[in-house]
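Would you mind keeping the following structure in view while I ask a few things?
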Amino acid sequence: MQIPYLIEITYLVASVLFIYGLKAMSHPTTARRGMNAAGIGMLAAIVGTLLHQAIVTYEWIIIGLVIGSLIGAAMSVWMPMTAMPQRTALSHAFGALAATIVGIAEFYQHAGELGSFKMTAIGFEVLFGGITVTGSLIAFAKLQGLVRGTPVTYTGQNIVNVSLFIAAFALFVYLIFFPVGILFYVMVGMALLFGVLLVIPIGAADMPVVMSLMNSYAGLASAATGFALNNKVLIIAGTLDGFSGFILSILMCRAMNRSITNVLFGAFGSVGTEESQVEGTMREVSLDDVAVQMAYARQVVFVPGYGMATAQAQHALRELADTLAHRGVSVKYAIHPVAGRMPGHMNVLLAEANVPYSLLYELEQVNPEMPTTDVVVVVGANDTVNPDARDNPKSAIAGMPIIEVDRATQVIVLKRGQGKGFSGIENPLFFKPNTAMLYGDAKDSLSKLTTAVQQA
Amino acid sequence: MQIPYLIEITYLVASVLFIYGLKAMSHPTTARRGMNAAGIGMLAAIVGTLLHQAIVTYEWIIIGLVIGSLIGAAMSVWMPMTAMPQRTALSHAFGALAATIVGIAEFYQHAGELGSFKMTAIGFEVLFGGITVTGSLIAFAKLQGLVRGTPVTYTGQNIVNVSLFIAAFALFVYLIFFPVGILFYVMVGMALLFGVLLVIPIGAADMPVVMSLMNSYAGLASAATGFALNNKVLIIAGTLDGFSGFILSILMCRAMNRSITNVLFGAFGSVGTEESQVEGTMREVSLDDVAVQMAYARQVVFVPGYGMATAQAQHALRELADTLAHRGVSVKYAIHPVAGRMPGHMNVLLAEANVPYSLLYELEQVNPEMPTTDVVVVVGANDTVNPDARDNPKSAIAGMPIIEVDRATQVIVLKRGQGKGFSGIENPLFFKPNTAMLYGDAKDSLSKLTTAVQQA
Amino acid sequence: MTTETIISLLYVFALAAFLGYLVISKVPPLLHTPLMSATNAISGISLVGAIVLAGSNHDRVSTILGIIAVISATINVVGGFMITDRMLRMFQEKTGKKG
Amino acid sequence: MTTETIISLLYVFALAAFLGYLVISKVPPLLHTPLMSATNAISGISLVGAIVLAGSNHDRVSTILGIIAVISATINVVGGFMITDRMLRMFQEKTGKKG
């Protein structure tokens, strides 16, 4: 068998192992084995590629691989778990950059001889890729706090964006028939610009959805690369990636009860919503009171939210929960599907803090238990426990499923002050008679509570 | 675009629609729409094929299509639902026959010029195909009662089978390197013979598993045809078919707590099993007593089995159930996964009798309700309600999950006499104090019960 | 057949195998009988090979084989789709009468 | 590119799309974050295109582009797999301590 077919076979093996790996992600006990298999597939494909007969010098390849590995390894080892959203955004930029560059080079080398199919593939590749490179970088900057997270808007914004999109697309169609160098690079530039314009009007809080969409674009760019290079493993991996991003963004939007168009093009809560009149007062409670209540409760449910992530309070939370469990209190964690800023955000943080996943309960499982729960501790969650979503059809988050903590006997809310949640609306929960506020940084409050419970 | 590529595109469309169709089978409300889509895909592929440039005369094609359609339509319109197992066996024979013939013709036409890859594909095609043709025909004959269902065994049987298999396989390997005409036909003959020998030692009762295996072979034969003809839709359809058969046979074996090898090569219950000593006596009950008990029960659960299928009693059962429901009795149907002789057998029959599928309960759902059920009516089931499977670890069916009817307050068993079930073992259920026998054909008994209940 | 073609076929086979596993294992026991006849109907797609065989007038033996193959495959296709539909119709009507 | 090749690629795409849908929608919310980094790592497979570009010495521009592409893709591959593993290890250790 000749080398080219040996290479093809390593690609086939890689494809199968990739699919197997993602399939294994359907359960935490098999996931790791699956990803190891996928890693082996990746290695096989890389080794296979190194045999490619077009390769004449290896020095640049090796330099690139070494630099990339060092950066990648460093990022993964030293990155705190709480920075996952930023890291993910950045990695979409890298992935899309690689795809875009391969597309540009393909055009650069063969501009004259490109058939219309191949040109179409390259066009999709650089369009999706270009948008993703700049879009993800802006998302990264907003999430990391490098630029202000507030939406940048101006009048006529949507018109500018749509015109740019149409212009780029027209250029694309023209290029399929007349692949002219300069116009191609103009198109790449437009895609890069479009990525910027698409993301700047979106607030930091909506970044997760944007990020997932970028994920899906990056995947599609890879798949298009596969079409351009006649490489099936690229098509498969890219398509899987594309679907993953797409499905996750749909899930997020559904859990937030919004549409993707609304996230991308609508200012949040700008029309037709109405906050409910808040009745009652916010009642503060002392740390020791809370400790006693928890220590003598039958069941305590913790509801973590974005505040737990910013406070990095997962370890402190676990300690408190362990202390309670030790005293015989039944402890559960209720995880809302969009708590935090990323799908599965809370799960990962709690896993990092060694919380067994058998203690994590989903919305549907935990809500029926609320009325029989003595104490619910809301750790930096806000929107995901806002009863307005259920009770006030005019609320900006109306219809979003919530964890119905207000049905519990006693609710303790840990937060720093009067800060609003992601949606920026008032939360009537805080004013209910059975709710008490414990102000302060979540990590701090939790550690103090642990000490207090131990002495109770 | 030239014709060949137009054809290819119809095949691509067909592939997508086939997959969509089977995916839609995951729910009864979408299944029909899915199959309509698959049908359209099939039509597209056929019309596409008719444009094939190798076709010079259409008369034979049309004759074949017309004859086939008439037979197919007649079979599907006039076939009683209870004959589904036979029909399925027969259709595997037809499918495999088509694949085998295409393989033979391919060899016949190109014997000299076949590359080793293509020869390998053709070899698999005729081997799988040949085994399936005769194997399925024998299965059909046994299920239809054309030949006696009892296993035909003789000493050294397994040795003969294994030798034949090895010989055919050796021939196959030889043919890959030296595709000699006469040897090829010998191999086809051996495959046909092997199909017969494989199935005759298996009892009629084990036919369902054999049938599913044949299903999977027929699928693999089609997939091999795809490899031989460089036709991707054949590969896809064949692989889907192959997996379907394989998964169903695994499910059946698991539900019967046996291995596939045991079904294929082991005489059933031949070693190490022991029937439990039967205590108590079988108590007969009068029709009117049963009617009264049912009429005044709070909940009646019907447990249909193979006897309902042979008696074609599904309509009579539905009527009785409706009559009871009308009187305010809560009525449920408990469906064991391997009740009857085919996966989903009971479901189809009851659906035919217009029983809403919301009334059908699976094993795991209904067992917890048994202790609070007043009356259980076993309609021609036997093994699937045999408490020995649970209680006697030495039983031939030990470990098979059962519907635990013996936990109900009162069990009524409808059967014709002392007949045993599929496994041929005694059923202690019939001797329990809370069990009463109502002898007679199930359909008959059920109709009479309906009348009696109406008068009660 | 070129090696590139062979590799394409292997890709299709590998992906179809995964799909087969995923799709079929999602079918509930309720629909196992219709599933059997549905896959049967679909695998009647070998009809496309049979049609070419019967119509290409290669030689008498091929044509006869072709006709037999067309007939058998058509029986499966027509019979399979019709009977699946007949069964699924029974299941579907239930939705309305539910409860 | 021949039309046959194009059609093969379309087949692969269609099947991969179904697989993507089926496989991804089976991943529980618990693992959505690792899923994101896993697909990221896998889509780093565009590295294979980058490697050929960087090594084929076509012209200076291509080589420079190639190196950049190799670096970015490698970051994703190495970083993606490592961080996914780091996360999954956290989830996995829980099995033992369960209850």
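A, B, C and D label the chains in the order they appear, each numbered from 1.
Everything below uses one rule, namely that a residue touches a chain if its C-beta (ideal position, glycine included) is under 8 Å from a C-beta of that chain, and two chains touch if they have at least 3 such contacts.
Everything numeric here is computed off the predicted structure, so don't read it as measured data.
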{"item": "Excluding chain A, groups that stay connected where the other chains sit", "value": "one piece"}
{"item": "Reference chain A; chain at largest CA-centroid distance", "value": "B"}
{"item": "Comparison of A-C and A-D (more C-beta pairs in contact)", "value": "A-D"}
{"item": "Contact-pair overlap exceeding half with B-C, pair selected from A-D, B-D or A-C", "value": "A-D"}
{"item": "Between chain A and chain D, centroid-to-centroid distance (C-alpha), Å", "value": "17"}
{"item": "Centre distance in Å when chain C and chain D are each reduced to the mean of their C-alpha atoms", "value": "34"}
{"item": "Centre-of-Cα separation between chain C and chain A, whole angstrom", "value": "41"}
{"item": "Inter-chain centre distance, chain A versus chain B - centres from mean C-alpha coordinates, in Å", "value": "46"}
{"item": "Multi-partner residues of chain B (at least 2 other chains)", "value": "19, 23, 232, 236"}
{"item": "Multi-chain contact sites of chain C, meaning residues that touch two or more partners", "value": "4-5, 8, 11-12, 15-16, 18-19, 22-23"}
{"item": "Which chain pairs touch, all of them", "value": "A-C, A-D, B-C, B-D, C-D"}
{"item": "Contacting residues of chain B [partner chain C, same complex]", "value": "11, 14, 18-19, 21-23, 25-29, 31-32, 35-36, 38-39, 42, 45-46, 48-50, 52, 54-58, 60-61, 63-65, 67-69, 71-73, 75-77, 79, 81, 84, 87-88, 91-92, 94-95, 97-99, 101-102, 104-105, 108-109, 115, 117-118, 212, 215, 218-219, 222-223, 225-227, 229-245, 247-248, 251, 335, 337, 342-345, 347-348, 351-352, 354-358, 360, 362"}
{"item": "Residue ranges of chain C touching chain D (in the complex, touch as defined)", "value": "4-5, 8, 11-12, 15-16, 18-19, 22-23"}
{"item": "Footprint of chain A on chain D - complex, ascending", "value": "1, 5-6, 8-9, 12-13, 16-17, 19-21, 23-59, 61-63, 65-95, 97-99"}
{"item": "Contacting residues of chain A [partner chain C, same complex]", "value": "1-2, 5, 8-9, 12, 15-16, 19, 23, 232, 236"}
{"item": "Chain B-touching residues of chain D, taken from the complex the two chains share", "value": "3-4, 7-8, 10-11, 14-15, 18, 22"}
